[in-house]
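The next part holds the structures, each set out as C-alpha cells.
Both of the next two complexes hold subunit A, though its partner changes from subunit B to subunit C.
Coming up: the complex of A and B.
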C-alpha cells in the first residue's frame, strides 16, 4: 500500500479511490487502518439500492437514474455486484454494458464487484466499499445487487432507500411476498411496463402491500360482508391516518424508452424527505454503524480464534479425543472457548 | 479474514466499430473459468471509455479484441491514455486479425503479447497468469 494513498484520495484522485476500493475488497493487510483513516467524516451520500431478479433491468434503470442525477449536477458513484462462480472463483462482471452512456462522464464512477462467495446479494465488503465511495465525496451512491432473487436482503443494511425491481415475467405478487421483497422495498418498480401483465402485477403488489399494512381494501368492492364503498367515511376503519408512515409506491417504468423514470426519481426524493423528516434516516444509519462495528469484531474474533498454536493444538487433541469416544464436538468446543476467553 | 490471494482483474473490451464479439466472449468466459474477475464492457468502445473503465475498476490487464484492422491505432492509443491516467502498470494485450509484423511493431510500443486466430484459450490464460506472477513478485 503506497503511503500517500489517503492524501491522494482526499485530493480527489480517481485512481486513489479505485485502489482504496481494491484494498478494501481484497481485505489486504492494513485495510482496516486505511478505512479508519478515510472514514472520519461519517456518511454524507444519499444511498439508493436496486434489487430484483436477474434480467429485470436493474442496470439499465440504474443508468437512467444516474443520468437524471447528473442532470441535477450530483456526482454519482455506482457499485454493481455480479456473482462469483463457486467452481472457479472467477466472475464475469457485465453490468457496465448497460451503462456505456456513462462511461466517460467524469462525474460518474462505476465499480463492478464480484460477490466472492457471499450469498446476501452483495459482496462481503460491498458495504465498506460504499463507505469508501461516500468518503470520496459522491452526493449520490447507487448500488445494484447480484439479482439471484430470494436472499437479497443485505441491501437494506447498505442503502437508505431500497428500490425493488420486478418485471411481468417475475411471476405474481406471491413470488415477491415469498422472497421477502415486501419487507425490504421502500419503492416498487414494475419495469418493462410495455409488456403484458405489467399493470396486473403492479395492482397485485399494491393489494399485497395494503394487506401487509393491515388495511381493508377500501377502494375495492367487497365480495363478502360490508362493501366499504358504501360506508360513510367517518365510520370506516382507521386506514393510514398515521402520517409518519411511508406509503410504498408501486411505479411502472420502461428502461428502453425512459418512461416512468422521472416518477422513480421523484419517489426516491420523496422517500429521502420522509427519511430525514421522520428520524428514520438517523435510525437506519445508527443500525448500519452498529452492524459495521459488529462485522469488524466478528472478523477479528474469527481470525484471533484460530491464530494461536495452543488453540489449534487443543483442537487437534480434541478431535482425537472424540475419535476415542472421549467427548463430543460440543464438549471440545466448550473447552476451546474456555481457553480463548480465559 | 485477510485474503492474501489477490484476484486477477481483467477488462475485456471490443474497441472500434467491428461487431464481431465472439472472440471477446470466448476469452471473457475462459478467463472467468480460470478464476479471473472479468469486466466485460461490450461492443463499440472508444479508447477513452476503455481507459476510464480500466482506471475505475483498478484492473491488472486490459484485453482487447480487434478484428477491424484498426489495431495499429487502437492499441497504442489505449496504451498512451492509460499511461497518462497513471495506469502504466496495466498490461495491454489482446487478439484479432493482426499480421505478425504489426504484432512486433506494437510490442515495441509497449503492448503485450497479441494472439491471432486459432489461439488456445489456455495459452492466453497462462500468459496473463505468468505476467501477473512476475509483476507481483517484483
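Coming up: the complex of A and C.
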C-alpha cells in the first residue's frame, strides 16, 4: 500500500478515496491500519439510510434527495447495497439517465457494494466503507439497502436517520413493518403516492405506529433469537427514556414528479435537530462504535482461528469423522475450541 | 433441562420436538450438548428450500407442495423464516384457512422463526432447527425464506434442493437473480403463471441460465467481499466438474388452482435422484457440516470473548477513549485482541 494514500486522501483526492474503499472492501493486508489512520477524527457526516422492499422506488427517491442536498451545496456520498439497484449493474429503464446525471456531478460520489460472495462480512465491510466516506469529508452520506434481510437492516441502522420507503403495492406492508422495519424507522415514506391505496397505506402505518407507541418500549420476546452476552444484537441503543420522544412522521412522495421531496428533506432535518438536541445522536454513535470494536475483534478472532494449519487439519479430520458417524459438529467444535483456547 | 428429553424426542413425542427447538432457538444452557445428543445419526431428511421476493406466493406454493408429500404419506416438517409470512403472525387473506389446514394435520409440523432480535445468529440457529427436525424423523423438510438478504440465502442453501420462486410482478427478476439467487437455484418457478408476463419471465430466466452455462463456473470477482481464509463464504461446495451437470428447469405454476404443482414435485424428485447419483448430495452435506463446525466454533469464541469482565471493562474504556479522540475502533480492537489471545 503506498504510504502517501492517507495524505492524498486527506487532500481530498477522489482516486485516493476510491482506493481506500477498495482496500477496505477487499480487506487487503494492512486495511485495518489504514482505517485506523483515516478514521481518527470520528464521524462528522450526516448519515441517512433509505430502506424498503424491492421496487419501492428507493433509488429514484435517493437521487431526488441527493439533488436536494446538492442544491444546498452539500457534498454527498452514496452507498448502494441493493442487489437489484440500478447502480449495481446494468441500469434499467429511465434510471440509467437519472443515475448518470448523479454520477457526473463532482459533488457526488457513488459506490455500490456487491453483495455476492461476501457472506458474513457484508454488514461490517459496508459500515467501514461508510466511515471511510465520512472521513473523506462528505457532509451528507446516503445509504440504500433492500430492507428485508438481517444484514441489510444492520447496515441501515448504521445511519443516523433511517427512512423506510413503502409503496401501495408492498401489499403486506404492515406485516413487513413488523419484521424489523418499525424498530429502525425514523421516518416513513409512502412512495408512488398517486397510486390507489397510498392514502390507506399511510393511514395503516400511522395506526400501527400509534399502537406501538402504546406498547412497552422493549417488547422483544426473550425467547427469540440468540442471547449472547454483549454481542451487538440491538440495532439501536436503549432509550434513556427521559428525553423527548421523536414522533415518526409518515410522508407521501412521488418520485416521478418530485412531490413530497421537500417535506422529506425537511423531516430529515427535523430528525437531525432532534438527534442532536436529545443526546440521541451521541448515543447512536456510541452504540455504533461499541458494535464496531466487537465486529473487528470477532473478525480477527475468526481469521486467527482458521489461519492455523493445525486447526484446519483438525477441522478436516473432524468433518471426516462426522461422516463416519463418529461425533457431531458440536463434539468437533469442542475439540477445535480446546485447541484454539488452550 | 430434563434428562429424558432426548428419550422422549427419539420416541417421537411432538412436545419434545417443540421443546428441543425452543432450547436451540434460545441457546439455553446445555443446548449444544443436547444437539450433540440428538444429531448423532446425521442428516436423513430430504430438504427443500423455497425462496424468492416477498409476494411471490411462496407460502401458498409451500402449502401445496406439503400437501403433495402428505399424499405420498411423507411426514413433513416446515420452517418459515419469512418475516412477511402468514405463519409468523396474523395470517392474512385466504392464507389463514390454508395454513390452518396444514397446522391441524398431525403429519405436518410447522415452525416459524422470528427474525426480530436475532441479528447475527439467525442463520446458524435456523440451520440447527432444521437439523433438529431432521433428527426427529421427518422424511421431508421444507424451509421458506424471503431470498433477498444474505442471511436468508445462507439458510436456503442449507437445503438439498433450492426452489426459487418468482412472479411476473417481480419486475427486475433477472436483476434479482443476479443477486445470489441464480447461484443457489436448483429449480426456478414462475408462479402466478396466469398473469401477463409470466411466459416472458420464464423465457428470460431460461436465457439467463443459458448465458450463465456458457460462462466459467466460478466467476465471482476476487475483489468483492471478504477474503478470510476458510471462513464459510460459499453457499455451495465447489463442483468437482466431472459429474453430469444438473439442467435447471424453469417451471410455471399457479398456486390458486394448483396448476404445475405435480411438475414441481416431479422436478424436486428428479433433482433428488441427480443429487444422489452424482455424489452432489454427499458434497453438499459435507460442505454444510464443515460450515456448521466453523459456525459453532465462532459462536463459542464470541461468547468466551465477551463473557470476561476484564474484556468488557476494556471495551467500555476503549469506547470512551474513542469518544475523547484517543484511538479508533481498530486500535481498541487490537488491545482487546492482545488481552484475548495472550
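Methods note: the second predicted complex is superposed on the first by the 257 of 342 C-alpha atoms of A that agree within 3 Å, B and C clash if a C-alpha of one lies under 4 Å from a C-alpha of the other, contacts with A are read in each partner's own complex, and residues count from 1 in each chain.
The rule we apply is simple: contacts are C-beta pairs under 8 Å (C-beta built on N, C-alpha and C of every residue); 3 or more make two chains touch, one makes a residue touch a chain.
In this text, all values refer to a predicted model and were calculated from it rather than measured experimentally.
**Q** Between subunit B and subunit C, pick out the one touching the greater number of residues of subunit A.
**A** Counting residues of subunit A touched by each partner, the higher count goes to C.
**Q** Look at A:333 in the shared chain and tell me whether it touches subunit B only, subunit C only, both, or neither; answer first, second, both or neither.
**A** After superposing on A, A:333 lies in contact with subunit C but is clear of subunit B.
**Q** With the two complexes superposed on chain A, say which partner A:27 touches: subunit B (first), subunit C (second), both, or neither.
**A** Both partners, subunit B and subunit C.
**Q** Is A:112 contacted by the first partner subunit B, the second partner subunit C, both or neither?
**A** The first partner, subunit B, only.
**Q** With the two complexes superposed on chain A, say which partner A:42 touches: subunit B (first), subunit C (second), both, or neither.
**A** Only subunit C; A:42 stays clear of subunit B.
**Q** Check the residue A:303 against both partner chains and state whether it touches subunit B (first), subunit C (second), both, or neither.
**A** In the superposed model, A:303 contacts both subunit B and subunit C.
**Q** Pick one for A:14: touches subunit B only (first), subunit C only (second), both, or neither.
**A** A:14 sits against subunit B, while subunit C stays out of touch.
**Q** By the touch definition above, which subunit A residues appear in both interfaces, subunit B in one complex and subunit C in the other?
**A** Common to the two interfaces on subunit A: residues 22, 26-27, 84, 89-90, 92, 114, 116, 299, 302-303.
**Q** Which positions of subunit B touch subunit A when the two form their complex?
**A** 1-3, 6-7, 9, 28-29, 31-42, 44-46, 48-49, 52-53, 55-58, 85-87
**Q** Going by the contact rule at the top, pick out the subunit A residues touching subunit B in the complex.
**A** These residues of subunit A touch subunit B: 14-15, 18-19, 21-22, 26-29, 84-85, 87-94, 96-97, 100, 103-104, 109-112, 114, 116, 299, 302-303.
**Q** Any idea which subunit C residues touch subunit A in the complex?
**A** Going through subunit C, the ones touching subunit A are 22, 25-27, 32-33, 35-36, 39-42, 53-55, 83-84, 88-90, 92, 114-122, 125, 146, 148-154, 169-172, 175-176, 178-180, 183, 220-235, 286, 289-290, 292-294, 296-307, 312, 315, 318-319, 322-323, 325, 328-334, 336-337, 340-341.
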